[in-house]
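One structure below.
Chain lettering (A, B and C) follows the sequence in which the chains are written, and residue indices restart at 1 in each chain.
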Amino acid sequence: MADYLHPDRYFDPDPAQRHIARALYGQVAHLPLVCPHGHVDPRLFADPDYRFGSPTEMLLIPDHYIVRMLYSQGVAMEDMAIPRRDGGETERDHRRAWQRFADHFYLFRGTPTGLWLREELADLFDVTELLTGANAQAVYDQIDARLRSPDFAPRRLYERFNIEVLATTDAATDTLAHHQAIRDSGWPGRIVPTFRPDAVVNLDMDGWRAQIELLGQVSGIDVVDYASYIRALEQRRTVFKAMGATATDHAALSAHTDPLSAVEADAIFQRGLNGTATAADAWRFTGHMLLEMARMSVEDGLVMQVHVGSFRNHNEQVYERFGRDMGADIPVASEFTRNLRPLLNRFGNDPRFRLILFNLDETTYGRELAPLAGHYPAVKLGPPWWFFDSLGGMRRYFDLVLETAGIYNTAGFNDDTRAYPSIPARHDVWRRAAADWLAGLVVRHMVDEADAADMAQEMAYGLAKRAYNL
Amino acid sequence: MADYLHPDRYFDPDPAQRHIARALYGQVAHLPLVCPHGHVDPRLFADPDYRFGSPTEMLLIPDHYIVRMLYSQGVAMEDMAIPRRDGGETERDHRRAWQRFADHFYLFRGTPTGLWLREELADLFDVTELLTGANAQAVYDQIDARLRSPDFAPRRLYERFNIEVLATTDAATDTLAHHQAIRDSGWPGRIVPTFRPDAVVNLDMDGWRAQIELLGQVSGIDVVDYASYIRALEQRRTVFKAMGATATDHAALSAHTDPLSAVEADAIFQRGLNGTATAADAWRFTGHMLLEMARMSVEDGLVMQVHVGSFRNHNEQVYERFGRDMGADIPVASEFTRNLRPLLNRFGNDPRFRLILFNLDETTYGRELAPLAGHYPAVKLGPPWWFFDSLGGMRRYFDLVLETAGIYNTAGFNDDTRAYPSIPARHDVWRRAAADWLAGLVVRHMVDEADAADMAQEMAYGLAKRAYNL
Amino acid sequence: MADYLHPDRYFDPDPAQRHIARALYGQVAHLPLVCPHGHVDPRLFADPDYRFGSPTEMLLIPDHYIVRMLYSQGVAMEDMAIPRRDGGETERDHRRAWQRFADHFYLFRGTPTGLWLREELADLFDVTELLTGANAQAVYDQIDARLRSPDFAPRRLYERFNIEVLATTDAATDTLAHHQAIRDSGWPGRIVPTFRPDAVVNLDMDGWRAQIELLGQVSGIDVVDYASYIRALEQRRTVFKAMGATATDHAALSAHTDPLSAVEADAIFQRGLNGTATAADAWRFTGHMLLEMARMSVEDGLVMQVHVGSFRNHNEQVYERFGRDMGADIPVASEFTRNLRPLLNRFGNDPRFRLILFNLDETTYGRELAPLAGHYPAVKLGPPWWFFDSLGGMRRYFDLVLETAGIYNTAGFNDDTRAYPSIPARHDVWRRAAADWLAGLVVRHMVDEADAADMAQEMAYGLAKRAYNL
């Protein structure tokens, strides 16, 4: 296995840099995992006997990174056993779907998905050779056998993974029943919710009106106008906070934050309710609500995360047949300097406010985000997101952000994953990448080893913990 | 010469990485050259006795990379023996023009043009010292003598270069007489045309109406309205395909693809014919025609290439005096996620369709192009184009594209050159850059050597061949 | 100290590359400093006995790079002894402000500010350990003692720094009295002014009308309309030129250069005078004036610098309380290809004109600026500016610009600083970065060592001197 997962993997080949990288990594490799943002389902922890299904169910079907790559090379989603919205025919034999995946595993050469999977298969299932069409069924058997063991209950893995805290992401209308069940169970793992109100904020999302109705039910506040809508949101935030939440999360195509007057906001809200809101209404309302959510964060202390720039469901045919999160979300260019100015001028100097920014347009790292984070007390930068959660993406992030913002205006790492078993691999890639980048500063005599060791510790652990008040 | 053209040139200096790069390169250095896109004149092959003119005629005058650099440093184009459109005075003594070029050759230090020329002069003409003002005339003599030899007939060079197939780029109105002559000659070299309809698609190009008339003549279809125009284009594509074409090519300032109704399209076409089309008409028509060309590709199977983002003839004075392709084309920012959506939603999931995208805005690599190619079955990314066909450009392309799209959603390399003798040098730079990049993955233990060897083979040869159905 | 400031600092760790970098750097390290653009106050040289104040006054208060970083981490500007516009309470004890700075010095790990300060403290004040909260007062004492010595008079430092020429940046309305005093004093240092007319060009800047009045006074021309305004500007340029200026400088949010007719220009100017100019007026007038300034440069030979893309005073609260240059300027995306076209088509081919472009949007380096500089005789690129005046910023600049434009279409380095004592450190970083980058070309066998030595000399000294006609 030494050859398969080399202990110096992902480090620069220069012997001097590698030597230091190894030392720095050694100091942080075993620190607990702080997971302040992600999409793991809280049900995994609510039921102490929860089990993952087949290897295909655990590793292939829910992973849109894998699905998109296979689809891009002509594998039909039906053949990957992805369920259709209309209940139409799809592959039922999980072994055959797995075989197709293995036949195409060479597509992931050099990609982060390939690296995570390699690591995951080795660490969790002792699979220490590359997945191929030839070994597909044997590997399936090996995984399948392990999955049935009690060691693979999510709570057991939580301990094995050395997780210190894990935040889920939950709709504003969620009752948090699973979180309540976790608390009631007496299990000491720390699973906290995150308040994500997108579905009740974006007037143009499918089913917005139903979501508003649900918001009324779950909050116990009759949502009939903008004022009652705001009260209901505030109520939900209070409930989330009581259940341990320290943060909110907001997805937006753009970061614009122009305020509406209360009268305008209410007029748009009413048009939303009676189904006459325009695309422009939705656009303006979303921007205004970012501002309003910032106001609430100032008041209740929940850290505000904003994820900007994903054009969701770009492929209509895929969306109609299979729904969301099928690998068909494509980034767009973003702008922060002008767009965030209304919000930052109102709240950016307030010591009670913290705003963590994520983004899919790397050109904004050095041009806008690092200068903003390097000036406004409220702003911190989240780690490279999604397509850029990769070795190359991390190197570019370090290079583009840290000379201007320093490391202390960043929020460390988060794995942002719905693939629970991949969490250790993802943190490990970050810790190795950070150690290697810091080693590069040391061999260039920019920082000394003592400073680098402090920085490695912060990047692996401290920054994320403090940024999210965990 | 070992010192002049070092066998390890362009590889990373780290000994471990270099060792692997050398091995990977060694496995692909002598593979045949697949040249699926470029601008070599088919006349070179139609006439078995074709000879290049003087060294200045072959190497300086037609190379807008060289012309622009000398011009940027104050050398008048007239002094480079560039012909003027008005027939005005220009340098007639090719030796004096060559001397000026040599006097300024230091300008190309570190540039791809400098590297290609060094390689070309060494390989083809045994010039194994840097070109300078001092050796200019001796080098001229040396090249000139070789050019007269029968070994420098383009067909002989085709064999010497180990070219497997070479695609030219030809106007939709081209009769393909040279291609016919090549076929008729019985020479076994494979020269295929590419259908490039820009001049009949862009209403705002000089002479569009004359081109439409020509289209009517060459197709035998009376082009009087949009419907007959479409029929004529379809007829030309059929002819191109019969002559061996496997692809089309389209240059567009922007990638927008909003459809027009048949009525709108015809109205704009009519305004074009009677000279009243506006700039907005031309803009909308171009976008619509990309969509229409995609529809034809689905039907006839020709691979569709789109080259986006060159602002042509930026310098009016140079254009008026010397015409097109004088080094005065400047890139602009591009957008694909929203712009290509109409086209991709219509055809992007169709297994009969293939779209290869090229672009001059590197910010779109990671943000838009790699995610699109990593999802849509129809989309592949072309190699770095023009200003970015360079060692640095390739490194950035590999870094920005391949973690998201993998190598298998790219179209390998093409040289895109009108400078026939530079073809081997250009492929060699790519093969070395790819080997070095793959070696970087190996020393970081991201892929093993066996996988890297497969990938090197694909990047040097297989990807291009398959992407273009060659 | 060898360990503290390593002689090989900032060089690549690869031994072969480092060996060559060291040799190249050794050949340029002691060349005189050419400082063609910066913001040092000419008073420093006008008064032969000028002394810097306290360490806090010299190093902390005026350095907006430091101020912004401390502010971003919650240190109040009042606590840094920054004076308030309203004269309100701020820290008066410079030792306490210094202590706060030292307590937070870890924030600058890996940042250019951190590197410059380390170098400056070591070279000028023999401080050879990292600044910390613990040694803050001892370091303060050490600096303070040196500052009182006659060796720290700015003229003495000028000689010690081996400066050959230093350009200041001066308002169009400046009488240049300090420059006159320097000349009158007989001191042989070469301090030249630079004509910066922003305050009289941008109608929307605070106090524009007062500036116009001042322009009238200082030029002796009654500025009552556009024509007299232009005459007054021309008069000031003549005065600047007579005082040794070789260049002008223009800050613009965007690079647009659409011409106004004389009638339009006058109408807008009149609206400016009577206080009815709109934001659109100001926008159009600024663009037109870039064109007009280019016209004057063609006539009087002053090199034109344009700095594009800084959104000034982004933080209203900071601006209202502390004024300009407090670290609250944030970059925006820029566009040059279309925006500069009117200007370049009018003057870009004129051998009498030189335009040096600076910018805060790195995406334009490869896409727009290098192609423009690599074609138009008039255009040269300035070095990486502000946030990008850093080791990483330089590496990206070299990588993105130089394959297309070559080094000879760049303007070398300038320090652009108001922090006089940091000048040697800033040039040293550039010289090391350039030597290392050139060494990278040598070990990759792209250029030979002789060419690299020429290039290093040019990048350290020759390019800047010639670009600015110094």
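In this text, a contact is a pair of C-beta atoms (placed from the backbone, for glycine too) under 8 Å apart; a residue touches a chain by one contact, two chains touch by 3 or more.
Bear in mind that the values here come from a model prediction, so they are computed numbers and not experimental data.
S.K.: Taking chains as nodes and touches as edges, what kind of graph is this: line, ring, star, complete or other?
M.R.: The chain contacts form a complete graph, every chain touching every other.
S.K.: Chain C and chain B are one sequence twice: same or different residues at the contact, by the over-half rule?
M.R.: different
S.K.: For chain B and chain C, let me know how many angstrom lie between their CA-based centres, rounded off.
M.R.: Roughly 40 Å separates the two chain centres.
S.K.: Would you mind listing the residues of chain C that make contact with two or more other chains?
M.R.: Counting only residues that touch two or more other chains, chain C contributes 12, 14, 363.
S.K.: For the complex, give me every residue of chain B touching chain C.
M.R.: It is residues 5-6, 8-14, 68-69, 71-74, 106-112, 115, 130, 311, 314-318, 327-333, 360-363, 387-388, 390-393, 396 of chain B that touch chain C.
S.K.: Can you list the chain A residues touching chain C in their complex?
M.R.: 12, 14, 16-17, 335, 337-338, 341, 344-345, 348-349, 351, 363, 366-368, 370-377, 379, 399-400, 402-409, 440-441, 443-448, 451, 454-455
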